[in-house]
C-alpha cells in the first residue's frame, strides 16, 4: 500500500481512509504497510506509527495487516514491531538492513536475533535493488528453521531464484512464498507460488485478486488475459517519468486522478509534474478500455 | 550447444559427432553454436570455424543452425558470419560487444552497421551478465525496424523485461522471441514466448522439447511436471562447483559421465575436479529417478 | 570516531570518555560522530542523541564536533540536527539517503530542502560504497551555491573525482574539501586538499595529525614516511577478518587491546572472534615497531 | 597510444607516422599499443598486426614497445604476442579475459598458462571498469612469483589498491608498477610508483614526461603545477561528449585539430560531432594558455 501524504512527512488522513476502502473493496487478502512502494524508510517514526494505528483501527480485523519494519537500526525495527503488535497487526516484514554491506552469515544472525525480539511472525523481504543484498537460497533455507519466520516476499525479479526457493520450501510447506513484481504474479502462482504483493493493487485491486484466483485455479486463459493487462500497466503507466522511485510516483499520480488520495511524495522525491500527470490520465483511459470491468476510471 | 574440447583450444571431434546426434535425437528444432554455454568468446577463430564447418556438414539440413558471432571486433564478427553463411548456417546470433561500455545509441548504430554487412538473418542476444550491457526495450523496438533482425534471445533472467519486449513485438509478429534461462522456458512459452535455448538441452534434449510442446499446447499439468525437473537440474546439477562459468562445467562433466564427450574447458577455466565429478554422477542418478523416460543415464 | 558500545545498542560510557580523551590528546582538529565508522545508521535515535550529548559535554568546546545526520527519513535527520545544535555541535554531515536510488536532481533538491531546515552548517558526505549514489561533480558545484553547505567529505576513494571537485572549488575557496580514506590523506593534502577524516585516528590520532601537518607544510620526506605507516595499518590491520564492516571491527578490537573501549559492534555485526583478536594484537606490535613514537601500544 | 584510423577498421597510415613522431618528440620512455585507449579489442587481428609491424619498424629501437594482447581467446593472445615478439616489441600487456566472470584462482592459472606460452615479458593490466574483474592484491602477489611477469599497470583508479600493491612489491623490487589514470601520475610517483601510461600523452607527451620527472625528483612545486594541468585536461577536455569510450574520442578529436591524425573511431563508436569538435578546439586553446610551453596548439 502506498502511504498517502498531504506533505512530505504528513499523512493525508482522508485520502488514507478512501484508499483503504478502495483496496479492501477489491477483495484483497491482506494489506502490506510501509514497504518500498509505501516509502517506509523515508518516513518519520511518528508518521509510521500513526499510519499503523489508523489502518489497524479502520480495517478492524477485516483482513490481516503486515507492517514493514525494515531499518538500519535494529532497535527501531523492534520498537516499530512492538507498536504494530499492540495495534493489532498480524505480521511484520523485514528486509536486510541497507547501509552496511553485510555478509550472509551476518544476515542470518541478524534475522535470528530479530526473531527472538519480535512479538509477531516475520516475513523476510528479499529486495536487492534497494538493500543491495540478496537473501541467498541457502540463507532462506537456514532461516526456515527459525520458528516465527513464516514467509518470504521476493522482489528480486529473478524467476530462477524464486523457483529455487520454492523447491527448497518442500522442507517446510506452511512457509508462504510471495512474489513482489506484479508482472510475475500469474506465472509464479501457476507454478506453485502462494501469492503476491502487487503495488498496482493500490489502483486496481480486483485485477490482481482475479489474476491470483485464476492462476490458483489453473485457469490458463483468464490468467493470460489478466496477466496481459498487468504488463500494459507496467510498460505504459509505470514508465511515466521513468524515475528511480519505481512505480510509486505513477501510482500516486493515478490515485490522485481517481480522486482517492494526494500525489505527494516523501523526500527525496517530488510528485509527477503536470505534463506527466496528463500522460498518466491518458494511460488510465487506455487501460480502462482493455479491462473496463476491473480497471475502470471512476473518479470518486 | 557446448563445444566439446580435447584440449583447451582443440576440438574433441568424436565427442562432437556424438553430441550432435544425441541432441538431434531429442527432437530439437535447431542448434545454437558458439554462445555463452558454447564458450564462443574463449575459442580461437580457427576452432570456431572448424566447429561451424563440421556441425553444418554433419547436420546437413536436418535442423537450422544458428552461429554466435559476438565479438569485440566488428570485422571478426562479419568474417565469422560470412563463413557461417558459406557453410550453410541459417542465422547468426549477436550480443553487444563486451569490452567498452557502449550507450544504447552506440549499440543501435552498431547493430545497424552489422546488419548491413551480414549475409544472414540476425538474432539479437541480450546477455547483460556477461556483456554488462542491456539491449533495453526501446532499443529492441528500434532494432525491429532493421529488415534482417529477426529475433531476440533474452538471457537476462528478468521476467518483467521479457514480458515488456513481448508486448512491444505486436508491431512485428514474425519476430521470434526466445528465452535463455531454461528455468523460464515453461513460464515464458505459456505466456506467449516463442521458445528457448536451454543449455540443459545438451544433456536432456527431449525434456526441453516436451516442455516446450506442453507449454505451447497449454497443457498446464505436463508443463508443471517437466518444469519441476528443470528446476531440479538447475538447483542440484548446475550448482556443483558453483563457478562463474555458469552451467558449462557441470554440463560438460555430466556429458562426460554419459560417455558423450570430454569435460575439458577452454581457458581460463578447468574441468571439475574428481570430487565434483562424483557429485555430478550422483545428481544424474537422482534426476533420472524423477523422470526416467527423458533423463535416463545410459552411458554410451 | 567509533561509537563504543557495551551492548548492541547501549553506550560503553566509560570507554567513550577514555576514547574522546585519547583522540583529543593526539591533537586532532575536530571530531566526527555517527559516520560510517561510527556505525551511525545502525544505532537507535536514543543512543545517537545520548552520544551527541555526552561528547559535546565532555569536549566542551576544545574542538569542533561534527555530527552525522544521514538517514533515509528527512524528518529524523532534521530532528537529530536540531538536537546536535542544541547540545553545541558545530556542523552536521549529510550523505545521500540510502534506500531509494535517487537521481542527481532529486539529490540536489533534497540537499536544498534539508539546508533550509537545518540550524547548522552542512558538510556533504560522498559515500557511494554504502549509499550507492555519487554526489557527482556537477551536483557538488550546484550545492556550493547553497549558503550553509560548507564542505564535502569524499569517501569514494576516487582520486580523479577528488581532484575534479577540488578544481571546481575555485569558485568558492572557503569551501572545505576533506578526504575519507586515510590512505589518501597525504597525497590529497599535498595537492591542495584541506584535510581528512581518518578512521585510524581513533587508534593513532597523532599519526594522522602529523601526516596532515607534514603534507600541509610540503615536507615530502615526512609525508612519505608517515604515509607508509598508514598503508601498513590499512593492509595489515584493517584486513583482519576482512568484513563488510570495513575497518570498524578491527579498530574496535585494537582499541579494546589498548584498554580504551569495548570491541562490541552494533547489529548486524559481531566483534572479531578471539583468533582474529590475537592477530590484531600481533599487528599492533608490528605497527609500533615501525613508528614507536606515535603508534605505541600502551594498554591503559 | 591511440590507433589512428581512416575507416572503422582501417589504419590511417600517415596519421600513425605523424603520431609516433609527435609522441617520441615529447621524450616518452616507451609506447603502449593496443590498450583501451588504443581500442585494441575493437580491431581486427589483421589491423592489430599491421599496427605492431608499422610502429616497430618506425620506432626502430628508439624506445621499448609494449603490445596489448588482452583477449577472451587464449590462443589469439598468444599468437599476437608471438607476432609482437617477431616484430621487435619489448613486452606484452595482459588484462583479464573479459567475457566470463572468472574467479581469482582461475585468473591466476590463466596468467600462469599464458606466461608459459609467451616469448616476451608480461605486464599485468588491472582494468576493472572494462573487464569487470580485479587482479586483487593477493593475486598480484602470487603472480609476482612467475618469472616473466615483470610489472603491473593499474587502471582501477583506486589509490588505496595501488598503495597496497606497492607495499606488496617489496618482495620483488625489480617489478614495475605503473598507474593508468594520468590524474594519478604525480601523486603515485611522489609516493614511490614507477611511472604511468597516460592517454593524454598522445596529445601532450612532454607534459607527462616532465610531470613524471618532477615527481621522481621530489620537486613538489613543479609536480603540483603540472598535475594541475592534467586535471584541467581531464575535467575540461575528456568530458566533451561524455561518452563510455572514456577519453579516446576527445583525444582523437584533439589530435585531428592539431593536424596529427584522423578522429575516426572503431566500431561501436563514432567520432565526435562537429559541435563537440568545436568545443574541443576551444578547450585546447584554454589549455595552451595555462601551459604554453608544453601544451601549445600548433596545427602541423
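A, B, C and D label the chains in the order they appear, each numbered from 1.
By our rule, contacts are C-beta pairs under 8 Å (C-beta built on N, C-alpha and C of every residue); 3 or more make two chains touch, one makes a residue touch a chain.
No experiment lies behind these values; they were computed from the predicted model shown.
Taking the CA centroid of subunit C as reference, the farthest chain centroid is that of B.
Of the two interfaces, C-D and B-D, the higher number of touching C-beta pairs belongs to B-D.
In the Cα superposition of subunit A onto subunit B, the rotation angle, rounded to steps of 5, is 180 degrees. The distance from the centre of subunit B to the centre of subunit D, each centre being the mean of the chain's C-alpha atoms, comes to 36 Å.
Multi-chain contact residues of subunit C (touching two or more other chains) are absent. Shown here, the protein chains touch around one cycle, each chain meeting exactly two partners.
Of all possible chain pairs, the ones that touch are A-B, A-C, B-D, C-D.
Contact residues on subunit D toward subunit B in their complex (touch as defined above): 8-9, 36, 41-47, 72-76, 79, 97-103, 106-107, 109-110, 113, 129-132, 243-245, 266-270.
On the side of subunit A, the complex with subunit B involves touching residues 137, 157-160, 163-164, 166-168, 181, 183-184, 186-187, 190-192, 218, 220, 224, 227-228, 231-232, 234-235.
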